[in-house]
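By letter and in written order, the chains are A, B, C and D; residue numbering begins at 1 in each of them.
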Amino acid sequence: MRKTLGMAALAAMLAGGAQAQSTADEIAKYREMIADGNPAELFEMEGESLWKTPRGPKKATLEQCDLGQGPGVVDGAFARMPRYFADTGRVQDLESRLLTCMETLQGIPASAVVDGDWNKGERKTMDALAAYVVTHSRGQKIQLDLANPQTRRMYELGKRAFHYRSGPMDFSCATCHGEDGKRIRLQDLPNLTHKEGAIAAWGSWPAYRVSNSQFWTMQHRLNDCFRQQRTAEPVFASEVTVALSVYMAATAQGGVLQTPGLKR
Amino acid sequence: MANPMRIRAAVKDGFTEVRVLMSHVMETGQRKDSSGALVPAHFITELTAKHNDKVVLSAQFGPSVSTNPYLSFKFEGGAKGDKIVVSWVDNKGDSRSDEAQIA
Amino acid sequence: MDHKRRDTLKAGGGLGIFGLLVAAGLIKPELAEAAWNKSAFEAKNLESALAALGAGKPGDSADVQLNTPDIAENGAVVPVGVISKLPNTEQIAILIEKNPNLLAAKFEIPAGTAAEVQTRVKMGQTSDIYAVVKADGKFYVTKKEVKVTLGGCGG
Amino acid sequence: MKAVSILRPALAALLAATAGLSAAAGEDYDAQVREMMQSSFKENGIASKYRQLQLDFQKTCSALVPPSAEAMRQIEAEQMQTVRWPADGKFFGDWKEGEKIAQSGRGLTWTDKAGESNGGGCYNCHQLAPQELSFGTIGPSLHRYGKLRGSDEGMVKYTWGKLWNAKAYNACSQMPRMGDAHILSEAQIKHVMAYLFDPASPVNQ
């Protein structure tokens, strides 16, 4: 019985495969057509203006924010993130580092973002700021400092978190993102355990999503991955989100950033 | 107040190609919010693009145009440094006008 | 000129935003007068939309090209390009048959502007898209089906 | 309710144990990850923090090194015990209802509410009816499922069991345990069965 089942399944799979290919070609054409004129540019413009606007109780701008390349240096900063910051003693991704800058420079408490709602208030500000910063690493190579022991530790944690199955559907990140050439519905799933897929994913988030006209940071992306994975909700900028980001960015090491991206 | 547009204009083969991204919700008036209430229609109705002082395109939009509208077109002539001005108004009377130089 | 403009601005209170834009020289008066074509944009079927555009029964034309994908990954953003090879093209309209309001956009093409526009539209479901072109006072049409799919996990 | 009260002290004990371990072992990443998978998450609506705890087979199937054939067989045997056969002996419902369940990917997220009927999410991973172009490829195509495989008792029972608990046939299968994990009700699984086997179902066209 096992044998007949295998043959039948194979025949059905081959029939489905040809159709899947022509659909994939059409979807590729669709994506090419919308690639020019990414509305993420609107968020980037807003982010640049917010970066330079005095805000918060301290009425300060973010122009002295140190994203790892020195105070105020935005160019190329995202290509080296997440990274270890001595002043906070933590490995930080872009969003958690922006939280630090907003808190120390502007006096805006991190809780305004961490406990906030998506697309509202300071979390919305965060979206625009991220759009601005990542645009200034577009075209640059992903270069994580993997010699740093703290970053290395986060990589190891991230890799294990990626494969951690739990919840009512037994899913882990790897369920959908552990193999080449898979799709959910029509959506291609990058294999994040290999370099090529990791570059496709890490290298194109944050991104504008046409389905809801929103700009999504990696924090937002990961949050919604976990939602669909049916876990509890990851806390904004929590250790697991940074660890997974280190795992993805390290796997994508050397790839070129196309940030900000344009997504379904 | 509405957020600024992003306007890019470049000369190519005797034509100036203009690409515009507008920041606008383009609400259809048919969508319900989380509480089930209808979100009122809010969309750009009219747009003009000018090269120096000459209208090079005018358009009317309905609510079927996508959120954060994109538009591209091209006109004859135009030189590097010339001014392109794009203006829109929406059904609530909000408006926005931005300019860019031909690159 | 300046004099006249100042006078118009002074009277600006009653002009509304569009009037102010005209007064400020941002928009030509001709455009302001060519008000938004309410009846065309609110038309619920192809016949009445074409009638409101003054297009009647346009003839098919291979000189009107509609550039869209065959399948849209998401109905919220469907790229649509229209190119007219007809001489003296003065107007291009994009209609989506199965949308609640068919007419999506209408472009006036002055002399010197290429009869070639690209924009993005929403589609509620798989539908024919029509490009209606007015050239030399006559209307022409071409259509193409775009399939709208459901992406993502649906969760 | 009873299960929760049993779990609560167990969770506290586990957390205390993992915290101790990570401090003692230094670079015991597995223990640190178990702790992180608790501390980085918060409850939201129906998505409780207990979801962060791993069942034994989930833990085995999360290891960076794939489990041994023996460990897999053991899991499969254990999971087979969970399969509940239809109480009235009837395996098939209405394929039209089955289609709706196959199409819907809703349910059990923190934006869903308790008591809502869940979808099966079948199309997320499988091709089924040929006219639905939007299908996933994580699982094999199930187009013409009944037509190609027939509907003898063995095939019907295998399919029911696979839907109830896919881990009974493949320990680390990516497919959720539709029946065992209370994602779908018995009645819903019958509808999905009809969608797969009924000669009139679009799946078999």
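One rule holds for everything that comes next: a contact is a pair of C-beta atoms (placed from the backbone, for glycine too) under 8 Å apart; a residue touches a chain by one contact, two chains touch by 3 or more.
Chain-to-protein mapping (UniProt): A = SoxAX cytochrome complex subunit A; B = Sulfur compound chelating protein SoxZ; C = Thiosulfate-binding protein SoxY; D = Monoheme cytochrome SoxX (Sulfur oxidation).
A quick note: this is a predicted structure, and the numbers were derived from the prediction, not measured.
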| item | value |
| --- | --- |
| Whole-Å gap separating subunit A and subunit C, where each centre is the average of the chain's CA atoms | 36 |
| Distance between the centres, which are taken as Cα means, of subunit D and subunit A, whole angstrom | 27 |
| Gap in Å, rounded to a whole number, between the CA centres of subunit D and subunit C | 49 |
| Residues within subunit D bordering two or more other chains | 109, 123-124, 133-134 |
| Touching two or more other chains - residue numbers and ranges from subunit B | 66-67, 70, 72 |
| Where subunit A touches two or more other chains, by residue | 23, 184-187, 210, 213, 227-228 |
| Overall pattern in which the protein chains touch one another (line/ring/star/complete/other) | other |
| Which pairs of chains touch, using the document's own definition | A-B, A-C, A-D, B-C, C-D |
| Sites on subunit C touched by subunit A in the complex | 67-74, 76-77, 79, 81, 120, 149-155 |
| In the complex with subunit D, residue positions of subunit C that touch it | 71, 147, 149-151, 153-155 |
| Of all residues in subunit A, those that touch subunit B in their complex | 36-37, 39, 41-42, 45-46, 210, 213 |
| Subunit A residues touching subunit C - in the complex, by the definition given at the top | 23, 26-27, 29-31, 33-34, 184-187, 210-213, 227-228, 264 |
| Interfacial residue positions of subunit D with respect to subunit A in the complex | 27, 29-30, 32-33, 36-37, 39-44, 47-49, 51-55, 58-59, 61-64, 108-111, 123-125, 127, 130, 133-138, 140-145, 148-149, 154-155, 158, 167, 174, 176-177, 181-183 |
